[in-house]
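As written, the chains take the letters A, B, C, D, E, F, G and H, and residue 1 is the first residue of each chain.
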Amino acid sequence: MSSARLEVIERNCKGCSICVEFCPKNVLEMDVFLVKVARPEDCIKCMQCELLCPDFAIKVHDA
Amino acid sequence: MSSARLEVIERNCKGCSICVEFCPKNVLEMDVFLVKVARPEDCIKCMQCELLCPDFAIKVHDA
Amino acid sequence: MSQRYEIRFSGAGGQGLITAGIILAEAASIIEGKSAVQSQSYGPEARGGASKSEVIISDAPIDYPKATIVDACLAMTQEAADKYANGIKEGGLLLLDADYVQKTPVGNFKVYRLPIMRIAKVDVGREIVANVVALGAVVGMTGVVSREAAEEAVLRKVPEAFKELNKKAFNLGFEKGKELLN
Amino acid sequence: MSQRYEIRFSGAGGQGLITAGIILAEAASIIEGKSAVQSQSYGPEARGGASKSEVIISDAPIDYPKATIVDACLAMTQEAADKYANGIKEGGLLLLDADYVQKTPVGNFKVYRLPIMRIAKVDVGREIVANVVALGAVVGMTGVVSREAAEEAVLRKVPEAFKELNKKAFNLGFEKGKELLN
Amino acid sequence: MAYDYDKSIRPGKLPHIWCPGCGHGIVMKGLIRAMDTCGLDRKNTAIVSGIGCASRLPGYLDACTLHTAHGRAAAFATGVKMAKPEMTVICCGGDGDGTAIGGNHFIHACRRNIDMTYVIMNNFIYGMTGGQFSPCTPTGAKASTTPYGNPDPVFDISKLAIGAGATFVARTTAAHPREIDKLITMGIKHKGMAIIEVLDDCPTTYGRRNKFRSVVDMMKHLKANAVPAVAASKLTAEQLQGKFLTGILFQEERPEYCAQYAEVIKKAQA
Amino acid sequence: MAYDYDKSIRPGKLPHIWCPGCGHGIVMKGLIRAMDTCGLDRKNTAIVSGIGCASRLPGYLDACTLHTAHGRAAAFATGVKMAKPEMTVICCGGDGDGTAIGGNHFIHACRRNIDMTYVIMNNFIYGMTGGQFSPCTPTGAKASTTPYGNPDPVFDISKLAIGAGATFVARTTAAHPREIDKLITMGIKHKGMAIIEVLDDCPTTYGRRNKFRSVVDMMKHLKANAVPAVAASKLTAEQLQGKFLTGILFQEERPEYCAQYAEVIKKAQA
Amino acid sequence: MAKKVALLQGNQACAAGAMYAGCTFFAGYPITPSTEVAEELSISLPTIGGKFIQMEDEIAAMAAVIGASLTGAKSITATSGPGVSLKQELIGYACIAEVPCVIINVMRGGPSTGMPTGPGQSDVMQAMWGTHGDHAAIALVPSSVQEIFTETVRAFNLAEKYRMPVQVLFDEIVGHMRERIVFPEPGELEIINRAAPTDPPETYKPYDATKGQVPPLASFGSGYKFHVTGLNKAADGFPTTKAEYVDAEERRQVNKVNDHAAAIESNEEYLTEDAEVLVWAYGSTARSARYAVNELRKEGIKAGLFRPITLWPFPAKRTAELAKQCKAIVVSEMNLGQMIHEVERAAKGNCTVVGEFRVDGEPINPGQIAAKVKEVM
Amino acid sequence: MAKKVALLQGNQACAAGAMYAGCTFFAGYPITPSTEVAEELSISLPTIGGKFIQMEDEIAAMAAVIGASLTGAKSITATSGPGVSLKQELIGYACIAEVPCVIINVMRGGPSTGMPTGPGQSDVMQAMWGTHGDHAAIALVPSSVQEIFTETVRAFNLAEKYRMPVQVLFDEIVGHMRERIVFPEPGELEIINRAAPTDPPETYKPYDATKGQVPPLASFGSGYKFHVTGLNKAADGFPTTKAEYVDAEERRQVNKVNDHAAAIESNEEYLTEDAEVLVWAYGSTARSARYAVNELRKEGIKAGLFRPITLWPFPAKRTAELAKQCKAIVVSEMNLGQMIHEVERAAKGNCTVVGEFRVDGEPINPGQIAAKVKEVM
């Protein structure tokens, strides 16, 4: 499996931290009001973060 | 069983003939716009006529 | 015929008197080209009871569309007579069903009686055409529209299968009505 | 103090700035017996975003209840500063959160910066009292109500268990605010 | 023998306005018997209706009677009951009133499970306005606004009530007069929202258009097609075609609304 | 990989107005995916809502969008669909909009079985007006108008829809995003009235008052308490306490309303 | 070729007028005395492939009418007082969202349920002020069966032209009476259809004032994707709270009617040139008034009749002129004084304004109008 | 003892006023910007054993309020424009059935959904004319938090005294702003309760005009059995279509207010004695107007303020007098011209009447009023 590229659309992110908490691999972290991709290498592209983000603010791309 | 006295309140009767048709003993008859007690002696006091009259127009009394 | 002629049909709901009024108005306005307005009573609850239908006929346009003082009035039942046989012009005409109206309304008008229901049932053969018998009689007595116009209006209103029946009813009514005047 | 003094608190929804405005208005009107009117913005949808609370204080009755030209303005976030740091009187006062407002609004007023959120979090120990820190600072800087009245108003508003915390927050804000003026 | 309805009817109000053969009169008599059976004090009984022929019922009964606006009976009644829970509250009205314009109040009263008894007279039509189809008019039937046959599916009122949360739901017909008062009695005694649907007849606007030769025909139809719910399980789907189940269709115990609100008051006063 | 939502969103409309963590955004994404799956031509798709946070959804989508009045979505949508049956019509809105003020239109759209898909976002509260209780707020919960705990029983929206006659009824939650689009897709393909209830969250007005520490808590709650309807039969009533069934809850085939009306036209023109 | 004539009820003529105008959608809820409008359309609409739907209530009917209109269908509903009251919120929606539609109100007596089968004219102020918020209103008040036909056609025309709801109000008397009507040939009466957008879908804005005071309205399902809302909005149809947009929109929506009041106005004057006393009446009452004027003239009294056919926008200019000319105006209406408020306002104290009212379920008769005229002479 | 004071929102003061007036029943449906009235009452009503119920919609709320009032409970609902529009049919019901109740309308912007969080004063004509049919209306328009309290009390008093719905309308600005309020002691403000019947249950008639223009209303569950309907009815409450009964009832119900207009009227005048230009304004706009008048006086301009607190019945007499005294009247309202119609009517052409309006969601500021006054000087 190719690795992932995680794109955060900062303009849209409202910092709800849903993606952070539901990521099974602990890839994401909160940085005050914004999400931060902390460990992209751990991503298994399960899409949970993208599916659950209410704000169209995170996208999981093939690297 | 004592015999029945059938009272028709003419003021109320609208001549719908429900009582006539549902009387199991054919006691009643229609007389143009009004019901008429034709064969009171046949009445078995089943109360159908009184129960079904929509107009509070017929009463079954003990004779 | 005077400028403005007012006719009231009254009877029990379901006797077809609204239709009688409509036919008369059609005869006058559609066939004869006069002005006519038909209106009817809507009881407080439109449930059973007495009903009335009024027709105003005039050579001139009709402004006020309600009856002011009627020239001719028909009452098919006692209740209708009690309720609606009023406001009749002095010298006007009141036609009653001879069998169904016992108490005759009093006033300065001429009262006529005709067993309309009985004629319909017995002579024409169907109670349901009593309204057409009544219409015939009223036309016969008042001449407010021509016999031909009224008959045509009746026939336009009924389906093919019932044309003969209604024609008979109308003409019988017309004749009997005319006779009454003699 | 002039006849009519207008103060605006602005920041992010949920930062408690409405409450700060209410406390100030209570200090002025309930404790000091002046006239005061507090009002606040209701966004088109009341969802998140920037919010503001305005207080007008006067010795005389207040007719027009909305801000005309504010004497003092607080902005806790950049969005609030962009949106609400306007209509400030010439020579008026604008207090910004030093950490959260980067771009400073320009105008003919004096700008002050205080790390309000940081003070609340670090010095007082709870971010949630940032609004009370801010209130303290504003009171310290403007003197629109007395320190005592404001403190009392704060304490009336909070449950017993939080009185000490809020007292600390208010007084720290007050001191820091006063210092800024030096 | 003869039942004494007179003490329940307001003096001088008979004959009523309903057409010859209209089933509403039969239902009214059943309601009177039920109120007597329950021993209701009329001074503390509110009877609330909307607008329609059926909704004219309260005017005849000697009680606290409230003839409201079209469709709003349940909502007015909720106000009466909430404000004075010690009163017995009975709603009544037609299928149109209760399920067309009044549908929302109907389902919410069911949801709240407020202690009322709602007698809904389903004659399959808007009678008062002259026979337009209602949400209960059978699909395909003729009404003054369905000259080509009714395209609309029907509400099963009882199913709707159950879906909305009513805790006592029963059905009978005008041809089963003894069941009317039996079920209404049970409804009144039930603590919570009770729906009693009575299928009845409107010879004037429904019967004629739909090939019933007379009101007696309609009554016979009601009588013939009623199947007691208890017996239905023994019948096949085919046998149940065109039939309507009668008797108690649903019953459960749930906290009653005014009682729940009494708890709120208790907490507020604590 | 990354789903292309952008082609469905009107340019410049993001970020949307919803609060951080509001579940409505998750539902909107599911709806977009479902519309794509069905290959809907947006020019011939009407998305109709009422008023409320959830009802703001249509404004973001590039289609024929109609933001109506509070509670009236289904009624407006019925007009659109009847007048132009060739359009795909999707309703959406909140629990308050759909089942409180809009309850009557909701049940009648179900009854008619008109071909629409109604996505109802049930966050158990009136979000937009600041957290008053809705007919779906759990009994006992806190809302701005239930300071002593909510005395009202709740609607089971799906049960109500079934009782009213809907022919496709399904439920899922915002914590089950893939199921959202799966069920909406089935709803759109279903010929008739399809109700898709999505349980979601309002952290701003419901969460805080009801001891959810964060929106994540609320999402976890939704995730933990969903029980697929197919699995429910294996569980005891006790085990089902406080759970909500998800998946397809009801499905049947009945004539669709516009098709029925096409028959009326045929007869009229014959 | 002789024109088609028939004896029709006013309500039937209304339905016929709707068909003539190109109406293809009706949604309603039955109510006396308007029901015949629905009944007629349930027969005739499907014959042309149009749609008739009976909704669960009047609110739903109004909603469906607006929804249908947005697909391009000329849409109508018919009701009476209680129904009109229920529709108020959505009438406002049609105003702000600028959706053409026609609302028929066959007026009966009384507030609330009142007297369902009795005539009234007591919903005329409601026609202007019934819904909350600022908005324009157009209301027409025909007084004969023929005029119900033509005014229903005109109502559709005005609705389409000005993109708004238009109300036609007639009292039960005109609605239920039967008179001869001569059907206009197709093409004989002008039929106006809403302006089609000239912009392509990509740049279309449904409320773009640069396209005119009444911007063109596209139809759902015609290739245009756009947004419609009841919130205050910008030219593109999306919500805004920006003061200048809101202001411009609100004013445009009211001015699109005010600025064309003269074009929308229609009235009939009878013997007004030399009138000393004016009877100001509409609907069936105007028929009584005309009768009365004729009688009065016979007696040598210089009476005249002003009969508004457009009630809203109010015919203020002509009323003001007549107020200057006449000694007195008798406003006669089947209510306790509604339009008389506007007549008084227009009269500016230039003449006596008195009312001759009636609210007992009976029509106002010519005699009472004549008596009142004599009283003020 | 010092009186209790507090800093309250207008909406909270409204709830407090209701409690003071003896209100025991609230039914409503949430809507911005009125919701705090409900929220407050949901807290306070049960503490006195009163009832708070959130209904399924505004119509249901109005229905419940009427139902509750018939049991004797002083009842209230609170809403905003869209909700008021929905309530119209049942407001008419409360009028014809003569059931006391109070309706709060916290006015927001725009027709339809409009601008929910923006202020407006555009429901003021609706308060009089919103429901179909003839009826009387009483509407109060407080302009401060304190006054919201007292006018809510007065609304209950008037409702009980005249047996009818009374509306209190205030704009979002007054509803949402916080000001000090001094709570009157119990007994300090007059509290009026509906007249109890003097007749025994056997002979009681709920609409018996021989008992006065406002016949006493018995309560359900108090031993009286009677009938209430929205149809036209006779003295005994049962439906009638008899012309003379209908006429008498309809007129009595309108006259019971008209005949007491002077007693119901309340207003504030500020510097009107020598005013040459009058600003006529109410609600929050009157506060701006007062500010403007003060500024104008400083410049030597003889401006004055007339502030109606009772909007309906309309203060026609005093407005007419002031029209004779002044050169011009500036009517300022947050709408596109509503009460100005009535001012014009009252002015009878005796002075110039101009409007200063605003509908963009922003308050009318003193500057614009002052500018308009200078313009007409």
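Note that in this section a contact is a pair of C-beta atoms (placed from the backbone, for glycine too) under 8 Å apart; a residue touches a chain by one contact, two chains touch by 3 or more.
These numbers were taken from a predicted model, which means no experiment stands behind them.
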item: Subunit D to subunit H, fewest steps along touching chains; value: 1
item: If a chain touches subunit E and subunit F alike, it appears here; value: G, H
item: Euclidean distance of C-alpha centroids - subunit C vs subunit D, Å; value: 86
item: Centroid distance [mean C-alpha coordinates] between subunit H and subunit G, Å; value: 29
item: Inter-centroid spacing, subunit G versus subunit B (mean Cα positions, whole Å); value: 55
item: Centre-to-centre distance between subunit E and subunit D (centres being mean Cα positions), rounded to whole Å; value: 61
item: Sequence positions of subunit D contacting 2 or more other chains; value: 44-46, 48
item: Junction residues of subunit F - those touching two or more other chains; value: 18-20, 51, 69, 100-101, 103-104, 108, 128, 130, 135, 147-148, 152, 261, 264, 267-268
item: In subunit G, residues with contacts to at least two other chains; value: 32, 43, 46, 56-57, 59, 82, 89, 93, 112-113, 115-117, 229-231, 239, 241
item: Subunit H partner contacts - residues on subunit E that touch it in the complex; value: 10, 13, 42-44, 46, 48, 51, 58-59, 62-69, 72, 75-84, 86-87, 104-105, 108, 261, 264-265, 267-269
item: Touching residues on subunit H, where the partner in the complex is subunit G; value: 59, 81-82, 84-86, 88-89, 92-93, 95-97, 107, 109-118, 120, 122-123, 125-126, 128-135, 229-232, 241, 243-244, 246-247, 250-251, 254, 335-336, 338, 341-342, 344-345, 348-350, 358-362
item: Contact footprint of subunit G on subunit C as seen in their complex; value: 22, 25-26, 29-30, 35-40, 42-46, 62-66, 68
item: Interfacial residue positions of subunit F with respect to subunit H in the complex; value: 51, 69-71, 100-101, 103, 126, 128-130, 132-133, 135, 144-148, 152
item: Subunit B-touching residues of subunit E, taken from the complex the two chains share; value: 1-3, 5, 9, 14-16, 18-26, 29, 174-175, 177-178, 203, 214-216, 219-220
